Structure formats: C-alpha cells, structure tokens
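The two complexes that follow have chain A in common; it is paired with chain B in the first and with chain C in the second.
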Partner chain A sequence: MKLTTRQFKQTARAELNDARTQKFLQILPQRLSALRQAAYQSFTDADATHRFGHAIREEVIQRLPELLEDFEKNALANGAQIFWARDSAAANHYIASLAKAKGARYVTKGKSMVTEELGLNEALALEGIEAWETDLGEFIAQLLGKPPFHIVGPAINIAVEQIRDIFLQKGVLREPTLDPVALGKAARQFLRSKFRDLQMGITGVNMAVAATGTVINVENEGNIRLNKSSPRTLVCVMSLEKVVPTLTDALHMLRVLCRSATGQKAGAYLSFDSGPRRPGEIDGPEELHIVILDNGRSAMYADPHTREALRCIRCGACLNTCPVYGQVGGYPYGWAYSGPMGQVLTPALQGLTDTGDLVRACTLCHRCKIICPAGIDHPSLLLYYRHQDVQKNPRLGGRGAALGEWLGHTLFSLAGTRYGYWRLFTKLARLAANRQRRGDWIHGISAYTQGWFQSRDLPALPEKSFHERWEESKKAEDKR
Partner chain B sequence: MKLNHSQKKKVSLFIPCTVDLVLPAIGESTAALVRHLGCTPVYHREQTCCGLMAFNSGFRQQARRLARHFIEVFENDEVIVSPSGSCVAMVKQRYPELFEDQPDWQRRALALAPRVFELSQFIVDHLGIRDLGGACNAKVAFHESCSTLNALGIGPQPKALISAVRGASLVYFKGADVCCGFGGTFSNAFPDISTALVTQKVNAYIESQADLLVMCDPGCLLNIQGFLHRRHPERRALHLAEFLAESIREESKT
Partner chain C sequence: MKDSSINSREEILTRLKAAARAPVGPRPVLPPAREYALDAAQMQKLFVEQLKAQGGVAHSVSDSAALRAKLAEICRQEGISRAMAATDEVVETLDLKAWGAAAGVEIFLASDFPERNAYTQAVFDQVQAGITGADFAVAESGTLVLVHNSRQPRLISLAPLIHFAVVPVQRIVPTYEVALEKIFSAGSYPSQVSLITGPSMTADIQATPFRGMHGPQKLVVVIVETW
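For the complex of A and B:
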C-alpha cells in the first residue's frame, strides 16, 4: 500500500473542513467508545480482565520466535502449508503465483488490514487477477478507490447517494435506490455470485494459536466464513505478531477484542480453522496456505522499545478514544493502520523519513494507553520515536533535528543548569516577547510561533517573574 | 483545618517555568495555600525547568541536562509540590525512562519520585484535607487535564476541593476529560487540529453555563485562556490554585 503519511497535515486540514467527515466523527467514535464501555461492564472484574489481556500479549512479544515455531509445527501437522514472507513483495508474489497455478481468474477477500499493508489487491491486478473485497464497507471503499476510514467501519463516512452511484456505475445495482437494506442486498447478491465455483479465497487472521495450529477470524457479516469455506484453496495472511500461546489465551483475547472493537461480547461469526478439509468432511478448502508476514517486524522485535507495538491486536479502541483521530478521521494517517495504532506501527515498519509528523501528531493525553486491551504504552513509544528521529537513528531512518530547533533546546537547557544564566535567559525572553505586546496581551511573535497565534493570544509576560516577586518579599520580610 | 504548629512541615515549591515567567499568580496562590494549610513554603531559587518540553520534542540529551539539575536542586526535600500535573508527571514518570542508560541518575530519580506531589494530590491525599474553608458563589466547570487525570490518575481530588468551597457548585461539563488540544509544541505544530480541540472545549464550557472554568495545569490554562481572550474575552478560566486562594480570601473578608 502506498504511504501518504508525509501529507498528514494537508489531509488533516482537508478532513477538518469536510462536512461529512466531521458529521461522522461526531457519531462513530463516541458510539463505539460507549458500546465498549457498556460491554466491559459484563466482566466480573473489568480491571483484572484488562490486565490479564496485557499479560497474554506480554508473553507473546517475549516468546515470539518460539511461539511461531510451535505454530508452524502444529499447523503443518494439521495439513496446512506455511509460507514465511520476508516482505510485501514476497507475500504478494507467493499469493499471485498460487492463484495462477490454481487457474483462478479472480479471488475473494475478507476484510484484513494486513493485505492492505501488502497492497495485495494492486499486486494481484498487475498479474491480471481481480480481487473482490467481500466485507460491505471494504467493498464500497474498494469500488471508490478509497483507503479505510476506520478499522471497523471502512466506509462509514461515505454518503448513501455516493454508494448508490458507484453501485450503478459498477453494475452492482440495476434500479437506483437509497434504501440501505436494498443496497446491502444488491452487494450481497453481487458478491454471492463470486463465491460460487470459487478457486481461491483470501483472509487475514485475528489470532493464530501456537499450541493447536489454529487460525481464528472474527467478523459480523459472514463473508469471511464464506471466504474460508467456499474456495478450493484458502490463503490466510497473518502478520507474525498475531500468534498466541494457547486456545485458552485466544479465548480470553477474543473476549476483550470483540468488546473493544464493537462493544459485542462476541462477533457474530467466530471461525476456528485447524488445517484444510479432512477425508470425510463435507466442506472446507482442499488446501490451506498460511502466509506469515514479517515485513520489518523482526527488526521491530529486536528493539525492545518498538517490540512493544507488536502487542497490538487491531481492535481499534484507541482510534475511538483519540482526540486527534476524533477530529481528523482515518485518512491523514496515510497507511493501513490509522489512529494511535498506526502511530506506533507505521514508524517502525516504514521508518521515520515519512512519519515525522505522524509521531508528533499527538497531545500525549494517554487515553489510548488507558484503553488498550493489549497493554501498549503509546505515549512512551511516540516519545521514543521522536527521540530516534532527532538522534538520526539509521535503522529507523531518523531525519535529525532542524538546526534552529536543536540550538533552541540546547541553549535553553544550558541556561537551565545555572542560576545566573537562567535569570539572564528569563529577562531576555521577557524583553523579546514583550516587544510585541499590545496592552496586557501578545497577538503574535514570529513566523515560528504562528501556529499558536492562529487562534490564541498569549498574556504579556509580567514585569516581575515569580522568582523576582519571591525574592522581593523575602527581602521585605528580612528587613522587618 | 490548619495543621497545628507542632506538625508544621516544610513544603518545597516546584514552580514550573511557565508559571515563573508567564503566570506567576499561580505560584503565589500555591504558596498562599501552603501557608494557609499551616505548612512553610520553601522556594529554591536555583530551580529552572524540569525538561518536559525538550523531552516531549525528542531532545533527550538536553532534557537530561535539565533533569539532572532538577534532581540536584530538589533531592533533599521531603515534600515537593507543584501546581502542574504535566511537570509532576515528567519528574515522577519520565525521569526514570530518561535515565534508562544511567543507573546512578535513575536511582536518584526513582528516590525523588514518591516525594513529588501535584497540588490537589498533596492537599487531599497527603494532608487528608478537603475543605479549605473558602467561599465563592459560582458555578464551576472543571477541565480534567490529561497529564493530571490520565498520567497521574488524579481526578477526584481537585473536584473534592472545589465542591467543598461554600457557594461553589460543579456543573456537568461535556467532554471534561477530553484533551483541550494543548500538547505543548503540538499546539504550534498542528494548529488546525489544536484549534478544533480547544474550540470544542470552549464551546462545551459555554454550553455548561458555568461562571468559571478551573483546571490543574498551566499548559491547558495558557491554551484555553489564550483562546478565550481571542474569541470570548468575557469568559474566565483559571488555575485551581488561584480559584482556591481567591475563595479563601473571599471568605476571610466576610
């Protein structure tokens, strides 16, 4: 998938001025947050349940290599085939070659962020293979050529008129209608025809169980189950951190995942698949291929700081609670993962060269950290990325600091180590700032601070600092 | 409710650089409250900045320089109190992270951390006092600063102090716990998003029909007050320390 994170600010501004985006941002995140909050009340001890989830993900990221080997061994024993993909190109090549070998002219897909990350649809198209998204929202986004707006509702921001028009244009709909149920039915009928005589289906993976070699998918529309059960060949693509140690662990994570994502105790369809169809079974694919994607994650794992982001289970709770996401929506984040989830994953996987604004587009309010069912400390990670950017970390593609900024922080910090320097610094700062005062307020200082003054004033700096007032009152006291 | 003389303890004032330079009244109100509580405020004139801005901007070397100075200035104090949730969170939670490769300094940071208190936390949790004996006839909206609420877990304490002021009542304030859009340099680097957030905050304040908007962090105050001055100059926002000190002065007049 093409990375457009470099345009974070421009896209954010456009979204702030987009009436439809703003309308949906007033509804969707709050609604999902409220549903999650209500669903968590069904736990006897929500806090303990939350912390247990953190512990499971902690175990996963600490034992990752061993768990993946276990998973491979057990999935192979179940009759699945495993492909370890070093990067997107390797994964796409494997899947496209497989589709060709199986004579598939098209494939169907379940909604998956990892195949967005791969840019799989585009890669298959280059090989002459059509990929049909079968999740309704993802289907609409695909027809429109738009990235997902929200991990749970990829097309929630699209107007019904726009859906009608694109459905008519693409032959999904015959008679124009604005009835959402009729539109849904048209999409369903259109996609059902794709599931018939299906050669190959592709899905993501919510969890992969090391102890049993099982892949688990969660959904509400039933399309993933059709993707898994209809085709002769099934490909399940997982980013390598999706592994969990045992089925018991998976069940716990499902409890928190479904509640965190949509406020449901469980998704409408939970599919557990251990291997392809066995002799005597009436359905299921003849072949099951599991693609385990690295794409930079081994390097992420090797750094104990970035390893923390591999806890993520893609529930989307952080998007719904984030004040910045709540203003700008999913598009500015510019890659497969949006919101705080994207802010901790994208820099590690794509480097800091294009994500400098992304790691700074955060007020460090800590809401994501508090809500995260996997125990990610997003603020700490974002601060780490900022530091690595300033430090020019070569592995992460850090860009280094602008000279002026470096000089400012360095002089400020040097001034802050000596009493005399600091008093001099505060006097100079006051003089400089107050040159621009109009009465008791300052309405602008320099080009560098115009962001602040776009909507705010600053009080003129008082003639006497706290320090000076205190010293004076001390002297007065001593005289008495 | 004052502590009696035998208990009189020294309280070291940790005055954020923004308070020292831009909002000194918050520092003076903090000192007044400490005195009112029967403690003796101590002010180390050598104090400068805790390093929060450098740290949040990724300049850890510079932040460490300031943090080492802070530790040297404050590490012999028994109780350190600051009217800023974000500066307190920096010292208590970020210093250990800042010195992860310098075990000696990390040890000193960890030893200092439990003795640093946010103002309302000091009054309510440390001293066990809720009613400061002030009076103020006003409907009050309370803004939950992110560092105070989410990083330090301090929420009930400031609201208890406000509720105990005679005549003051806390009103429902929609989105009280949602960020005001300050975020330090964020407000300057992402002005569109920051403005959208502070607009939302101030609109909710106006809808709440409160007379005052009170908060525990000078950063949020600069942001909200600066926005109010530009768009709604008739509206007032102030720091908890100022609100409490004013209400005590008000009570002593009558």
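For the complex of A and C:
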C-alpha cells in the first residue's frame, strides 16, 4: 500500500469540508465507544480485566522471540507450514508463487490490515492473479480504489448511490437499487461463486497461540471462515507481534478485543485453526501456510520506546475516542493503520520523513492511552517521535528542526536560563503584545503567531510584571 | 524460497534476542468470571438471552422425539426441502434421513458425495439448511462451539442460509475456557474449532444491519432437555 501520509494536512482539510465524512464522524465513533462502554459492564471487574490484558501484552513484548519459537514449533507439529518474511517483497513473492504453483487464477481475502500493509493485492495483480476482498466494506473500498475509512466499517461513509453505480459497473448488481440490504445480497451472490470454486484463500491473523500453534481469526460476516473452509490451500499472514502465550490468554484478549471493537461480547465467528485438515475431513485446507512477517518490526523492537507500539491488537477503540480522528476520519493517516494506532505504528515502520505531521496531529489528551486494552501510552510515544524527529534520529529518519524553529528555541533557552536576558525578553514581549490589545484582550500579535491565536485569546498584560512591582515596593519601603 | 525463510528467521530472531528486555512480572489479580457462580438453569437462561441478543433463535424441547417434530415444523415454515447434516455424536443418533423422508426434507450427508468438489457444489448451491450438533454451548455470550473433524465438516454450519444446531442441555458451560480446555487437553488438536455467536452479520453499508452476509441468515438453536 502506498504511503500518502505526507499529504496528511491536505487530506484532513478536504475531509473537514466533506459533508458525508462529517456526518459519519458525528455518529460512528461515539456509537462504538458507547457500545464498548456498555459491553465492559459484563466483566466482574472491568478495571482488573483491562489491567490483566495489559499484562498479557506486556509479557508478549518481553518474551517475543521465545514465544515465536514456541509458536513455530507447535504449528509445525500441527502440520502447518511456516514462512518467515523479512519484508513485504518476500511475503508477496511467497504468496504469489504459491498461488501460481496451485494454479489459482484468483484468490479471495478476509479483512486484514497486514495484507494492506504488504500491498498484496497490487503485488498479486502484477503476477496476473486477481485478489478479491470479501469483507463487504473492504470489497466496496477495493472496487472504488479507496483506503479504509474506519477499521470496523471500511466503507461506511460511502454513499449508497456510489455503491450502486460501482456495483452496476463491475457486474455485481443487475437491477439498480438503493436498498443497502439488496446491495449486500448482491455482493453475497457475486462472491459466493468465488468462494465455491476457490483454490486458495488468504486471511490475516488476530492471535497466534504459542502453546498450541493455533491461529485465531475474529469476524462477523463469515467470509474468513469461508476462506478457511472452501479452498485446498490457505495462507494466514501474521505480523510477528500477534503471538500470545496460551489459549487462556488468547480468550482473555478475544473478550476485550470484541468488546473494544464493536461492543460485542464475541464476534459472530471466532475460528481457531491448528494445522490443515486431517485425513478423512472433506473440507478445509490440505495445506495451511502461515507467513510470519517482520517488515521492520524487529528493528522497532530494538528501541524500547517504539517496541511499545507492538502491543497493539488492532481493536480500533482509540480511533473512536480520538478527538482528531473524530474530525478528520481515516483517510488522512495515509496507510493501513489509522487513528492513534496508526500514529504510533506508521512512524516506526515507515520512518519520520513522511510522517512528521502525523506525529504532531495530536493534542496529547490521553484518551487513547486510557482506553487502550493493550496498554499503549500513545502520548508519550508521540512526544518521543517528535523529539527524535528534531534530534535527527537516523534510524527513524528524523528530519531535524526547521531553521526558524531552531532559532526560536535556541534564543528562548538562552533567555530562559539567564535572569537579565529573561527580564529584557519579557519586557519586550509585553510591550509588543500590548500594542495589539483591543480592550481587555489581545487577539493576535504578528503574522508569525497567527496560528497560536486561531483558537485562543490572551488577556491584556499588566503594565508591570510582578518582579518589577516587588522591587518598587521594596525600594519604597527602604526609603521610609 | 526455503532459504529466504531460514535466513529471515535467523535474522529476525537474532535481532529480537539482542534487544535489552525487562523480566516479566507477576500477572495482576483477576476475579473469576460471574458465570462460574450460575447453576444449570441459570446458565441455560443466560445462554438463550445472549443468543437472542445476537440475533439467534432459541427453542427448547423435552426430548429427541420433540426435537424431530420441532425441526419438521420449522422446515415447513421456512420452506426447506433440502438440507445437509453433519454426522457428529448428537446428530447421528437422530437418524435424519428417515426423519427427512417423513418430514418431506431431503437430507444429504457429506458421505453421499464421491469427492470434495461435488460436496462443495451441493453445500453451497443445493441445500437450504445445514443441521449440526454442538460440542458446547457457552452461556457467557450465547456461543456455540463446534469442533470440526470428519463428522463435523466446516461448510455445513456456514454455507447454507439456515443453520440448525442441536444442543443437549448438559453441553451448556459457563465460559469458553471450560469448553476449550476440554477440547485442547486431548493429545492432538482438532484442525479447526469454530465459536459461533448468532447469524452472519454486517453493517458495512451506511451502518444498516444486515444478516446473512456470507454465512447463515438464520441461526436456530434447539436445546434438548433430556438427552
């Protein structure tokens, strides 16, 4: 998937003026947050459950290599095949070659962000293999060539008229209709023959259990189960942090994942696969291939700050609670991962060169940190990225500060650490500010500070500072 | 390709192991789930409530004779004339072929088909319903647990528009853990376990809910009180 995060500001501006985007942003995030809140009440102790989930993810992070080795050993024992991919090129090449070897003219896919990260559909297309998204929202987004708008509803903001038109154009729909249910049924019908005659299916992985070698997927539509049941070859792609120690841990995380994502206690379908079908089984894959993807994560792991982002379980709760996402929606984030989740992952995986605006598009309100079932401290991580950016961290592609910013801060620290300079600086600043006063308020000082004043006013400053008045009163006292 | 995987594996694991790591502390205290305190009747009630909340349909019948009658009644209502059945422990005892002959429902089994493709065509296109048992029914979320094996093919509970699941009452358990511990404590693991909560669902177009997106539009669970 092409990274378009560099255009964060332009896209955000366009989305702020898009009536449809704004309409959905006023409904969807709040509704999902409320559902999550309600669903958490079913726990004996919601806080303890939240903390326990953090501890599981903490353990995963600390024991990552050992857990991966265990997972591999047990998955192999179950009869699965493992492919370790250092980057997207290796993963895409493996999957495309496999599809060719199996004589598959097309493949179907379950919703998975990791294959979007890989740009797998495009890579398969180059090899002459069609890839069909089968999650309804992803299917629509794919036909329209749009990135996902929201992790739970990738195309929820798309107008029915637009869906009708693209369905008619692509032969999904015969009789025009604007009924969402009829449109959904048409997609079911269209994709059904694809599933029935399928040679190879591709899914992501929500969790991989180290102790049993099991891969787990969560969904509501049944398309992932069809991908795992109908074809003779199944490929499950997991980024390496998906592993969890035990089945019990997986169940705990599934409970918080489903509640955090959609407010359900459980998605309609949770499927647990331990190896390919066994002799005597009439359906299910003859071969189960599990691709373990690095794509920059082991490098990210080396830095204890960026490592924290590997805790993420992709629930989407942080999107729903984020005031920035709530204004601009999913498109500006410009890659497979949107919202605070994307803000902590994308810079680590893609570098800061293109993501400088992304790490600054945050008010540090801490709502994502509070809600995160994986225990990620997003605000601290964003501050870290900003710091590494101006410090020119070479591994993260930090760009250094702009000259004006550098100059400003250098002068400020010079003045701030020397008493005389500081008094002079505040005096001048006071004079400059008060020259612009209108009544009791200052609405702006110069063109340079316009941005700051866009959403703030300053009360008019007093003629004399506290220090000046203090000294004057002391002098007056001495005289007496 | 093999080499690429082996080299990447080495590279990845070496890098991960080289990183400085903190020891793992003890897990915080987690109070047990509420569902463990329920008796059998309460568990059944909760299971049914949760199943209905997720759009499933639940019936309770006294025994297998009543079950057969109930199935016939629903098939009549829904206009079902062809169904595919699993041959798991629960369903096998029902002799559904004979039942179907009387009830006017043609019953197919996976073993009726000479090979996989014919079976796949049939389960996708020729039958209107799938009939299965369930290994467990989990009260906490109204969830069915199906262990897939040669007697419980995957597509029967998935491809047809209606899924009938027969649940002997004693198979209702409080939590997922109880079910999965039993399943995974046997020496080798099943190729697949599905946890099914309600029919197939989506709300991807304009947030309009719609059942039967890819899987069944209706999930009908019949609980049998004496088995």
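The rule is short, and it goes like this: the second predicted complex is superposed on the first by the 439 of 480 C-alpha atoms of A that agree within 3 Å, B and C clash if a C-alpha of one lies under 4 Å from a C-alpha of the other, contacts with A are read in each partner's own complex, and residues count from 1 in each chain.
Here is the rule we use: a contact is a pair of C-beta atoms (placed from the backbone, for glycine too) under 8 Å apart; a residue touches a chain by one contact, two chains touch by 3 or more.
These numbers were taken from a predicted model, which means no experiment stands behind them.
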**Prompt:** Can A:Arg367 be said to touch chain B (first), chain C (second), both, or neither?
**Reply:** first
**Request:** Using the touch definition from the top, say if A:Arg430 reaches chain B (first), chain C (second), both or neither.
**Result:** first
**Asked** Which partner does A:Arg456 reach: the first (chain B), the second (chain C), both, or neither?
**Response** first
**Message:** Going by the contact rule set out at the top, does A:Val324 touch chain B (first), chain C (second), both, or neither?
**Reply:** first
**Message:** Contacts for A:Asp273 in the overlay, against chain B (first) and chain C (second): which applies, first, second, both or neither?
**Reply:** second
**Message:** Going by the contact rule set out at the top, does A:Arg63 touch chain B (first), chain C (second), both, or neither?
**Reply:** second
**Request:** Figure out whether A:His467 sits in contact with chain B (first) or chain C (second), or with both, or with neither.
**Result:** first
**Message:** For A:Pro304, using the defined touch cut-off, is the partner it touches chain B, chain C, both, or neither? Pick first, second, both or neither.
**Reply:** second
**Asked** When both complexes are superposed, which of chain B and chain C contacts more residues belonging to chain A?
**Response** C
**Overlap of chain C and chain B interfaces on chain A (superposed complexes)** = none
**Asked** Which positions of chain A touch chain C when the two form their complex?
**Response** 24, 27-28, 42-45, 48-49, 51-52, 55-56, 58-59, 62-65, 68-69, 78, 82-86, 90, 93-94, 97, 134-137, 140, 153-156, 158, 160, 163, 180-181, 183-185, 187-188, 191-192, 195-196, 212-214, 220-223, 225-226, 228-230, 240, 247-248, 251, 254, 264-278, 280-284, 292, 294, 298-299, 301-302, 304, 307
**chain A-touching residues of chain C, taken from the complex the two chains share** = 1, 4-9, 11-13, 15-25, 27-34, 50, 54, 110, 113, 116, 119-121, 124-125, 140-143, 148-150, 153-155, 158-159, 176-177, 180-181, 184, 189-208, 210, 212-216
**Asked** Along chain B, where are the residues that touch chain A in the complex?
**Response** 15, 19-24, 27-28, 31, 43, 45-46, 48-49, 51, 53-60, 62-63, 65-66, 68-69, 94, 97, 146-147, 150-151, 178-179, 181-199, 222-223, 225-227, 229-231
**chain A - residues contacting chain B, complex** = 9, 12-13, 16, 323-324, 326-328, 357, 360-367, 369-370, 379-380, 383, 385-391, 401, 405-406, 409-410, 412-417, 419, 422, 426, 429-430, 441, 448-452, 454-459, 461-462, 464-467, 469-471
